[in-house]
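Here it is, the structure in full.
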Amino acid sequence: MPDHVYKHIELTGSSTENLEQAIRNAIQRASKTVKNMRWFEVIDTRGHIENDQVAHWQVTLKVGFTLES
Amino acid sequence: MPDHVYKHIELTGSSTENLEQAIRNAIQRASKTVKNMRWFEVIDTRGHIENDQVAHWQVTLKVGFTLES
Amino acid sequence: MPDHVYKHIELTGSSTENLEQAIRNAIQRASKTVKNMRWFEVIDTRGHIENDQVAHWQVTLKVGFTLES
Amino acid sequence: MPDHVYKHIELTGSSTENLEQAIRNAIQRASKTVKNMRWFEVIDTRGHIENDQVAHWQVTLKVGFTLES
Amino acid sequence: MPDHVYKHIELTGSSTENLEQAIRNAIQRASKTVKNMRWFEVIDTRGHIENDQVAHWQVTLKVGFTLES
Amino acid sequence: MPDHVYKHIELTGSSTENLEQAIRNAIQRASKTVKNMRWFEVIDTRGHIENDQVAHWQVTLKVGFTLES
Amino acid sequence: MPDHVYKHIELTGSSTENLEQAIRNAIQRASKTVKNMRWFEVIDTRGHIENDQVAHWQVTLKVGFTLES
Amino acid sequence: MPDHVYKHIELTGSSTENLEQAIRNAIQRASKTVKNMRWFEVIDTRGHIENDQVAHWQVTLKVGFTLES
Amino acid sequence: MPDHVYKHIELTGSSTENLEQAIRNAIQRASKTVKNMRWFEVIDTRGHIENDQVAHWQVTLKVGFTLES
Amino acid sequence: MPDHVYKHIELTGSSTENLEQAIRNAIQRASKTVKNMRWFEVIDTRGHIENDQVAHWQVTLKVGFTLES
Amino acid sequence: MPDHVYKHIELTGSSTENLEQAIRNAIQRASKTVKNMRWFEVIDTRGHIENDQVAHWQVTLKVGFTLES
Amino acid sequence: MPDHVYKHIELTGSSTENLEQAIRNAIQRASKTVKNMRWFEVIDTRGHIENDQVAHWQVTLKVGFTLES
């Protein structure tokens, strides 16, 4: 690991199901253009309310990936 | 949205099941007296432990609702 | 409660399933040596990514327990 | 001032013009139901973007008012 | 406790005597309209100075109370 | 909105006029390469002083935009 | 002091009297098992309310002690 | 710049007009006794309310100036 | 108040008695050279421990005073 | 400087030598694809431990670069 | 890693030489009683001044180690 | 120590060499006008980049000194 350099990006994913799925959706979408993702950290957890129900969950992540040397 | 004013309140809900249900319980109870809730943000996540088990989950939310003009 | 003194420790648990199970794993392991745990607070939520999937969830907790007087 | 007790509320106002007007709109709307407002503190400044332009400014305030004794 | 929902309010109390009395004054005044207060957390501690003396102490509290179900 | 994923970038814009124009300058420049910007949040507000005058205003923003799915 | 290493622990003490006594109670209890305590820092100040009165004060401390070399 | 040492001071300026003028007033007043001011950072934005109107704007700044070597 | 500019300084006072006296000691000492002090805010509360007792209390304050125009 | 817009990225570099070299490694690697880097700010300092020794130092940076207009 | 539970401790090390050595001293001393240390994070960096020189450097660390299952 | 009052100032020093030297430069320059400096705390660590190299290191310190009574 000492010879790696990581770059971090910040993403928000959402899901109508639960918090874990909102995280998975963000990572799945990012994987189309970002390679070598290694970890994430939850920055913020939110949601939208419609008719007094949680309509969807929203999680903001910082994601780290290795820059190939 | 430009012509809306929002007010925020802070609530703690709890559940013996999981984090999402603690959030839903807080919103459901608040809906008895608060109308037009639009979003929430998780402020704090806690729980109580009994006999080395999580007895219930506790989530503190900031909830925003529109003030009708 | 007024006559109790609490000590806090900080733990990180992980799980391949979900956030709640990562918390339960940390508490279960700590219970081997720590008695009288009463509450926890989530400090940080992270995860590891392998092949564009969440490989495991990691939750850091502050746990409070009573010091017997 | 020593014999006053203040209560604080949190509001978000918005404006298509500028930041000061978003603050004034929040206070004007709140004054319909809240008396004796004395000060505010800016908590958060945001905005919405449409067609690469700032469509409206959004300011979140903490507002303090005296509770009459 | 699992079946309670709490609401939080923020108050500032003041006293010419000491910090504890400023807290008690805020709670006493709030009790005229708020029922079932259970805990408080100190958010901020300030004071006013007149003639190089502390003229009064000011403590801002977050107070939690149960919403009856 | 549930089926969107957002990415966030951080920018600093400046203006010799006022704070709002510094924000507009950052967004205008970013729009050359970033599509679908939806919101911004002010992270930091600074300025440079020359000859005891504010020479220019500097605002750091977090900007969110949708990743097309 | 350059040749000392300190370890920190976090404690919560409580008192029905005042904030200073809650701090003293935490230190007195910890002294049964921790030697060479040198300083503390207040992390959090809370209290419990019963019948609209402060029933007890609760102070959370970080305490530093020297590890003997 | 490598051979400069900066000192920082904290100021609050106010204005009945807008946020930018409150900043300019703080810098103008400080310039009577402080030389070589180079930058400022906004720490806090507040205001006083009278008769449901913003009576004046208050901005707290950290200001940096070079110490001549 | 709109035409005042405030400067802030940071001080630490200490006392063998209690927290309020540590604050008063800091203000009393500062009054020898600083005029027109108007308010303070508590930044940090600490103490030194000797022989398992609180030897003295230490409070760090931000103090605001008016710059005469 | 008033007519510049900056973009910020976040990087983690590591080194078996010391903190300064971890920072230089991150900047050197980023320079392969990022032009016009002007400043950095340290966000986080960490390290890995193997056999009770620091195996490598890890520094997370925010780096600002000018967007050419 | 999914089946590990980590515990964190907080330490302050010091050195008359530099920041890296203060960190190494804390870890070396802790290794006498703590096994399986894996990482550290710098929490705070301080120092003592004598005769206008840095007499020693002081670094506070959070250290994580695995609890064997 | 109980009978001392400390005042804190904030300084930024810089160096082309390393972080420790930037701190020493700030303290050395301040010693021309400030007596009885006792400790410092690192508030912020930054640097300037020229031609993809760290041109100089910049450290912002809070420095405490005793006010003679």
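We just call them A, B, C, D, E, F, G, H, I, J, K and L in the order they show up, numbering each chain from 1.
Keep in mind that, in the parts below, a contact is a pair of C-beta atoms (placed from the backbone, for glycine too) under 8 Å apart; a residue touches a chain by one contact, two chains touch by 3 or more.
What you see is a predicted model; the values in this text were computed from it and never measured.
Which chain has its C-alpha centroid at the greatest distance from the C-alpha centroid of subunit I?
Most distant chain from subunit I: A.
At what distance in angstrom does the C-alpha mean of subunit C lie from that of subunit B?
About 22 Å, centre to centre.
If you average the CA atoms of subunit B and of subunit J, how many Å lie between those two points?
Subunit B and subunit J have C-alpha centres separated by 38 Å.
Approximately how many whole Å separate the CA-defined centres of subunit A and subunit K?
31
Would you give the residues of subunit G that are in contact with at least 2 other chains, written as numbers and ranges?
Expected reply: 19, 48.
Judged by the touch rule stated earlier, which pairs of chains are there in contact?
Contact pairs between chains: A-B, A-C, A-F, A-J, B-C, B-D, B-E, C-G, C-K, D-E, D-F, D-H, E-G, E-I, F-H, F-J, G-I, G-K, H-I, H-L, I-L, J-K, J-L, K-L.
Along subunit E, where are the residues that touch subunit I in the complex?
Result: residues 18-19, 44-49, 52-54, 57 of subunit E touch subunit I.
So in the complex, the part of subunit K that touches subunit J is made up of which residues?
19-20, 23-24, 27-28, 31, 37-42, 63
Quick check on the complex: what are the subunit G residues that touch subunit K?
It comes out as residues 1-8, 62, 64, 67, 69.
Sort out for me which residues of subunit H touch subunit I in the complex.
Per the touch definition, subunit H meets subunit I at residues 9-16, 25-26, 29-30, 48, 55-56, 60.
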